[in-house]
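For clarity, chains are labelled A, B, C, D and E in written order, and residue numbers in each chain start from 1.
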Amino acid sequence: MPQLSTKNIFSKYRYWLTIATPQSVWHARFQRVYIAWLSFSKNPIAMTGLYIILSLLILAMFAPLITSGDGTSQELQNRLLAPSANHWLGTDELGRDIFDRIVWGSQITLYIVILVAIIVLPIGLLIGTVAGYIGGWVDTILMRVTDIFLAFPRLILALAFVAALGPGLDNAVLAIALTAWSPFARIARAETLTIRNSEHILAARVQGASTTRILLHHITPLCLSSVIVRLTLDMAGIILTAAALGFLGLGAQPPMPEWGAMISSGRQYLLDQWWVPTIPGIAILIVSMGFNLLGDGLRDVLDPRSGEG
Amino acid sequence: MKLIKRGVYSVLALVGLTFLCISSVAYAKTPSNTLVMAKSISDLITLDPAEVFELTGGEVICNIYDRVMMFEAEDLTKLVGGVAESYKISGNGKTVTFKIRSGQKFHSGNPVTASDVEFSLRRVVHLKKTPSFILTQFGWDKDNVDKLIKATGPMTVSVTNNSDFSAGLLLNALSAGVGSVVDKKVVMSHEKNGDMGYEWLKTNSAGSGPFSLKTWKANELVVLEANPEHRHGKPKMKRVILRHVAEPAAQRLLVEKGDVDMARNLTPDQIKGLKGKKGIVIDNNAKAGSVYMATNNTHPILGNADVRKAIRYVVDYEGMANSFLAGQYKVHQSFWPGGLWASLENNPFKQDLTKAKSLVSKAGHGKGFKIVIDTLTTAPFPEIAQSVQQSLSKIGVEAEIILSEGKTLWPKYRARKHELIIARWSPDYVDPHSNADAFAHNPDNRQEAKLTGKPAWRTSWDDKGITALTEAAARELDLVKREQMYLDLQRQFQQTAPFTFMFQSSEQLVRQDRVKGFVSGANFDLVFYRLVSK
Amino acid sequence: MGLKTPLGLEGMVNKSFPPPIVGQLFRLFSSLILTFIGLTAITFIIGRVMPADPVLAIVGDRASREVYDAMYLQMGLDKPLIQQYLIYISNVVQGDFGKSIMTARDVLDDLIRFFPATLELATIATLIGVFIGVPMGVGAAVYQGQWFDHLVRVIGLFGYSVPIFWLGMVALLIFYGWLDVLPGPGRIEVFYDGVVNPVTGIILIDSALQEEWEVFWNAVDHLILPSTILATFALAYIARMTRSFMLDQLNQEYVLTARVKGLKESSVIWGHAFRNVLVQLITIIGLTYASLLEGSVLTETIFSWPGIGQYITTSLFNADMNAVIGGTVVVGICFVGINILSDALYKLADPRARGD
Amino acid sequence: MIDARDLSITFGMGASAVHAVQKVSFSVKQGESYGIVGESGSGKSTILRALAGLNKDWSGELRVKDVILSRKRSIDFYRGLQMVFQDPYGSLHPRHTVNDILNEPLIIHKFSDRERRINQVLKEVGLGSDYRFRFPHQLSGGQRQRISIARAIIISPSILLLDEPTSALDVSVQAEILNLLQGMRAAHNLTYILVSHNLSVVAHMCDRLAIMNAGKIVEELDVEHLRQKTPEHPYTKQLLQASTGYDRSIADTLEWFD
Amino acid sequence: MQYLLNVEKLSVSFETPKGVVDAVREISFTLGKERLGIVGESGSGKSQTGRAILGLTSKNGSVSANHILFDGADLSRMTERDMRKIRGARISMIMQDPRYSLNPVMRVGEQIAEAFRVHTRASRRQAKDRTIEMLNRVKIREADKVYNLFPHEVSGGMGQRIMIAMMLIPEPDILIADEPTSALDVTVQLQILSILDDMVREQGMGLILISHDLNLVSSFCDRVLVMYGGQILESLNASDLNNAKHPYTRGLLNCLPSLERQGELAVLTRDPKWLEGGYNIP
């Protein structure tokens, strides 16, 4: 029996991933992802983004191992300490370790990102594709509603929703989602309009496919990529909005280490203890930069039509 | 690379233009005849003295209007006549007759007469705005007030007390904002639909105080202008500007740079950073404001007397007072602030988690429970709440904090829907009854009674004995006995009330050293600008 | 002979034809009305389900029951919601937006006071975004893959990713606190207040008209920092979109045609490609402008800028719903208005869109 | 088999209305291959789309297998009639594999022997089962068009509508596809309607053809007449002349159409 | 023979994500005052040849040649600046689809006039007069009206005539027409060609007609180059097309459907040897 070195296994998988004659649907899909990955991984900017998001994930997953506490334990005698060996990023106004709080805060950031995506994607896709494909008065009504939400000052609408629902992280996320779906509906609709008269949709109609089938199997997968790209790019905006709500006291409630709220409560220390508001600011900057980079890269991979490269 | 060059040039041109603008600035720091203060004035919603009940509003009308009775800037401990030169109390102690100082003039030039005083007091009762209770508690209502408050001559006004309360309390009450004397002619000339000039006076002034209102732009600034005709003489500052700066950090920058003469809302940590800076002075003024915690008696767990007691032992009073509250709050555990007449200066409670824990176990909640802490969004409330939360967690109580603006917090409190609330209080006038009436007086605890103005009712604290004691103290004419009654009341209150009074506030003013003579009294509406010089 | 369109009829299935002018006016009008109704209705409902109590906002937390009840009735809160809404709408139609609790003034007066401040800030920010962002984007596209392109990308990324409230604070600290080259927060030094009569409400214009140059320059100084901070996002967005549009256009065949003609590269870029980019940019700039008008809340907060964003936000916290609705409607109508305007400009700039 | 009576198709309304097809009548017999020739904008594809139910703005009478068609078509209708489109790049869903593409009509029409049919049809269009799990972008233009044809015939329809099936292909590939289509018709006894602007292609493929111009059929003739170059209508003559290559003398006789 | 253009060993290759693609491989040919056709299927490199001559290969491509001699100068070694003087003025190019090759936001008249003004010191007025004259020459009626139209307002045939006018207004020596008629209907196609024909004759230009349509090219041109896989497989006089020797050329001719032939079409089978020079016929 021939001995298989790791190199052999590797090249075997590579062969399997690139062979021109895939043997099953899953094989074909794996190949597709692999090819996309190849072009994605050649893009250093996109990879930087991916690394940032991956680090965020790792931070969030291993928060209990990385940190010494849960980020909420106070030591009033150790308030506002500058970064040092004991407290890598210093301590805040209640003597909490800022590094711990940043690490635990990554979970909150992820939570916001995931929850918003889960809410926004289906709503935007559903409204956009239905409006775009069916057209007529359905389109008119749906788009009018979308326009109203678009015309609403976004942060103010979010503020109003949180004010109505009561402050808190979940409500903030819900409010952001309620204000964030409208651009996605617009994109999905625009995308649908260009797709709906393409010959493969006509072909599906001639095969007798129902409207639901066309929407789900034909149009949605095509809208998905541009919507996902936009969502990734918007994630930065969403994180910033969540942070802004936190900043205005309507997002995560204390002592949750939400980064925006950390800036908010730390902002009075900017002059004398710069690290208190600055470090969460940089954390937000890095993560939203990560999403932006990733979004750029995804666009290059998923949406080669656009000129940005 | 020609294109890039072009781009670079245009950017350079823009940058150059920007710096041109900058260099054109000759930094005019504040003019020498103007006092500029950085302060958060978002609470300012009205300037009608019959309605003003907010901190900033109280301060502003204190400088626009003279009141019937006053604590004057020169001596804040003595209640003296303001608009009234003297008063006489009738034999039965029910009627007080005021003699109006002659030669006083309103900003309009109209003389101040008895009919203005009569109008001003009656107006408060008729308009029935929030602070009107300060007067109506003396048994006045819109039907009888025209009989009970009367100008008996051009310069004399008689005021008849229709309640059991003492005349001393009445005199104190007339030193509150509702005791401000407004210019009847001017106000009535702006009357609309029988509103006694209310809509107009909200945003305008018609007083006889040292300053008149020039501009009020909500959330932007208030500009006051000196009244050269004031009875104490012309104030040294020609103008006083309250500039709205919501961000404490911005306030700090402004005062450090000399762009304002005074910063009013700095946090202790910021003040620590300013200490020793050249040209900057920090003043400490004791204030009558309190920070307290209220538990809801209708709550199944918090209603328990032992749990309430345990909470008193949970709070890390010293820890907070020595860290983030240092300099602006000191520990004070009774409802009437320290340093005043009838103050109780003992602080019997200290953080004692073992004791707290055993009290909670005794109440049968040793396994711990969950509660919600409601508090305000502004410093230092979130920090206090987090400290309390942390301490509670050590005796097994898991607390969730909700920060809200007052307008969201108060409805919850007033509807008895809170669990544990951390809030603040300032007396309406300088008499212990002001606070006792709110915290220790609950004559009708039924839900439908809706005594929503009283924290005692809000927490559903139905203690007949305490209520009776409060009423008796208010009636007592003998000052020595009265003081003793308030001390007793406070001691009982400390042990049994669903309120944990934690801190008394102290104002830290940061000013340029050339600014002198700013007088800030214990109460929020006793802030005087007229002695300020630069 | 037969009708010929460049696309061929097959391509025109289901394509809507440009409606006549009456139809467009109708659409414009109806979209304004619908936006207005939608905005007011949503805000109204939010205002009523909010836990903040507008009555308490007026009477304060210590008000007695009687005082509270009297105000409750006076504000008409006892009526059914729909009736309250209808009353509100009928007042608005008569030009009465009600009174603000917070400022004790008519909401309309407040809007006239606060909106120009935001308009001033957003306009300057948009101008900065356009005049710096567009050349940056064009340059990046022309020098795709070179250092200038990377620089623009990094700047764009930063502008996209930075939390504006944080950047504002840091900028204030650096330029005012440390370097002392720019003034602190506020729209103008307070003691200049009242020197200039508000005519348009835009201090730059008013002071220039009244030749109060000291005030003018003071206002300019105060504008630099907040407008630059506000412009970061706009600049990033505009530069990025310009770059992408430009790359798109540079790949078009007409650009090749222009080169075949022997045109200089600068004429090819600015005379041909950029003219097409400009058409697309109109929408983007309009959108940016609208979003700056509504998105200046945080900048206004940091810089104590008495603008409409801050007005709406503070009103919201104070349950001052008349002010919130009024402000939202103004901003929303502006949004729709700018969109319609940029649509019209687009039609003017792009001959293909001018359906005649 | 297929009858059109007074078929008119109008897009838009009022002044801006476009009368794409005006009162067109024709009929196609069972097993026949019928061509429609015309230049761009003549309305030829529009007719095909109306027939396939992709266009609802028509009036007149359409009949397939003696059933009068309504605007909404049933699934059964599509069971008997399929269509092949012009653009081999646009007519296949870019995110579906060949397997997905071929499977879909089988699912819609509830076939149970899907596996067998897919393999068989792939063989029939000259692509082995190696191609089954590829995505369209992994195929050449000719291969894609083969998949389009496979998709159309996999549910064994009796009528195939061909909308310029080779105009986007190189001539060498065109030949292969035309041969394939010829073979299919013979093997499955299909009825074709072929729309093209290329007279040679139509002449090669069809028995009978209609010449369209500006929404009208100007002439209907059988392929023999075309071969002998004896059409009657001047437009047909012009088209015929123009199709044979560049000839200066002919070019000078042509009318401008703009 | 007197030639206008002499191309020797021209190669064009592109850097793509999948590696370097050789679009044109060492081709050589000459052009006199004649109509030279370049025929090939898609991807044969015929369009890239045209662009390479004008120095307009896109950024990711690289061009090499022993020389591209034009009027005594080697275009392949010319600076961009000098090349600009050649483009338009001396060598012009017409592209496939006027829908894309005209600037959509510029009036067509201005676009033509611009082409004139780039290379002359003509005033606006003169340029406009010249443009109108040129529009008349390409048989556009109401030329002054058409002058003010936008590209989307003209039909494909007219658009292509406008392109011709634009490219011929500076009176170049060589015109490269890259599939100038393949987006047009057959009748219009002939008309466009007849205009090109006139122009070539009147101005004594050299014309390179790039097309995939063997029939059309052979009936229009004097000489035909057949390209496949980036190489010239065969070069022959148009009249000799039916005697083409290369199997590829023959195959292309045979697989065309025609009115005359019936039955199965011949299928072209490709031989890799073609690209190894085995059949290279000079």
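Note that contacts are C-beta pairs under 8 Å (C-beta built on N, C-alpha and C of every residue); 3 or more make two chains touch, one makes a residue touch a chain.
The shown structure was predicted, so the numbers you read here are calculated from the model rather than taken from an experiment.
Q: Would you pick out the chains that touch subunit A and also touch subunit E?
A: Touching subunit A and subunit E alike, sorted by label: C, D.
Q: Pick the chain whose C-alpha centre of mass, unweighted, sits closest to the average of all protein C-alpha coordinates shown.
A: Closest to the centre of all protein C-alpha atoms: chain C.
Q: Could you please state the distance in Å, as a whole number, between where the Cα atoms of subunit B are centred and where those of subunit E are centred?
A: That pair's centroid distance is 87 Å.
Q: Measure off the straight-line distance from the CA centroid of subunit B to the CA centroid of subunit D, and report it in whole Å.
A: Between these chains, centre-to-centre, one finds 85 Å.
Q: Rounded to the nearest whole Å, what is the centre-to-centre distance of subunit A and subunit C, using the mean of the C-alpha atoms as each centre?
A: 25
Q: For subunit A and subunit B, let me know how many angstrom lie between their CA-based centres, rounded off.
A: It comes to 46 Å between the two C-alpha centres.
Q: Going through subunit D residue by residue, note those that touch at least 2 other chains and give them in order.
A: Residues 39-40, 49, 54, 257-258 of subunit D each touch two or more of the other chains.
Q: Residue numbers in subunit C touching 2 or more other chains?
A: 4, 13, 50-52, 144, 169, 173, 177, 301, 317 - these are the residues of subunit C that touch more than one other chain.
Q: By the touch rule stated above, which residues of subunit B touch at least two different other chains?
A: In subunit B, the residues touching two or more other chains are 247, 249, 253, 404-405, 408.
Q: Quick one: which bits of subunit D touch subunit E in the complex? Just the residue numbers, please.
A: Residues in contact with subunit E: 39-40, 170-172, 174-176, 178-179, 182, 197, 199-201, 203-205, 226-227, 229, 238-239, 242-248, 250-252, 254, 256-258.
Q: Can you tell me which positions in subunit B touch subunit C when the two form their complex?
A: Spelled out, the residues of subunit B in touch with subunit C are 2-4, 6-7, 10-11, 14, 18, 21-22, 24-25, 27-28, 30-31, 34, 36, 42, 45-47, 53-54, 128-130, 132-133, 202-203, 214-215, 217-221, 223, 239, 241, 243-247, 249-250, 253-254, 256-257, 259, 404-408, 410-414, 428, 438, 450-453.
Q: Residues of subunit A touching subunit B in their complex?
A: Residue list for subunit A touching subunit B: 72-74, 76-77, 79-80, 93-95, 163, 166-168, 249, 253-255, 265, 267-273.
Q: Flag every residue of subunit A that touches subunit C in the complex, lowest number first.
A: For subunit A paired with subunit C, touching residues are 45, 135, 144-145, 147-148, 150-157, 159-161, 163-164, 166, 196-197, 233, 236, 240, 243-244, 247-248, 260, 263, 267, 270-271, 277-278, 281, 284-286, 288-289, 291-293, 306-309.
Q: What does subunit D use to touch subunit A in their complex?
A: 49, 52-54, 73-75, 77-79, 81-83, 85-87, 90-95, 97, 99-100, 104-105, 108-109, 130-131, 133-135, 138, 148, 151, 155
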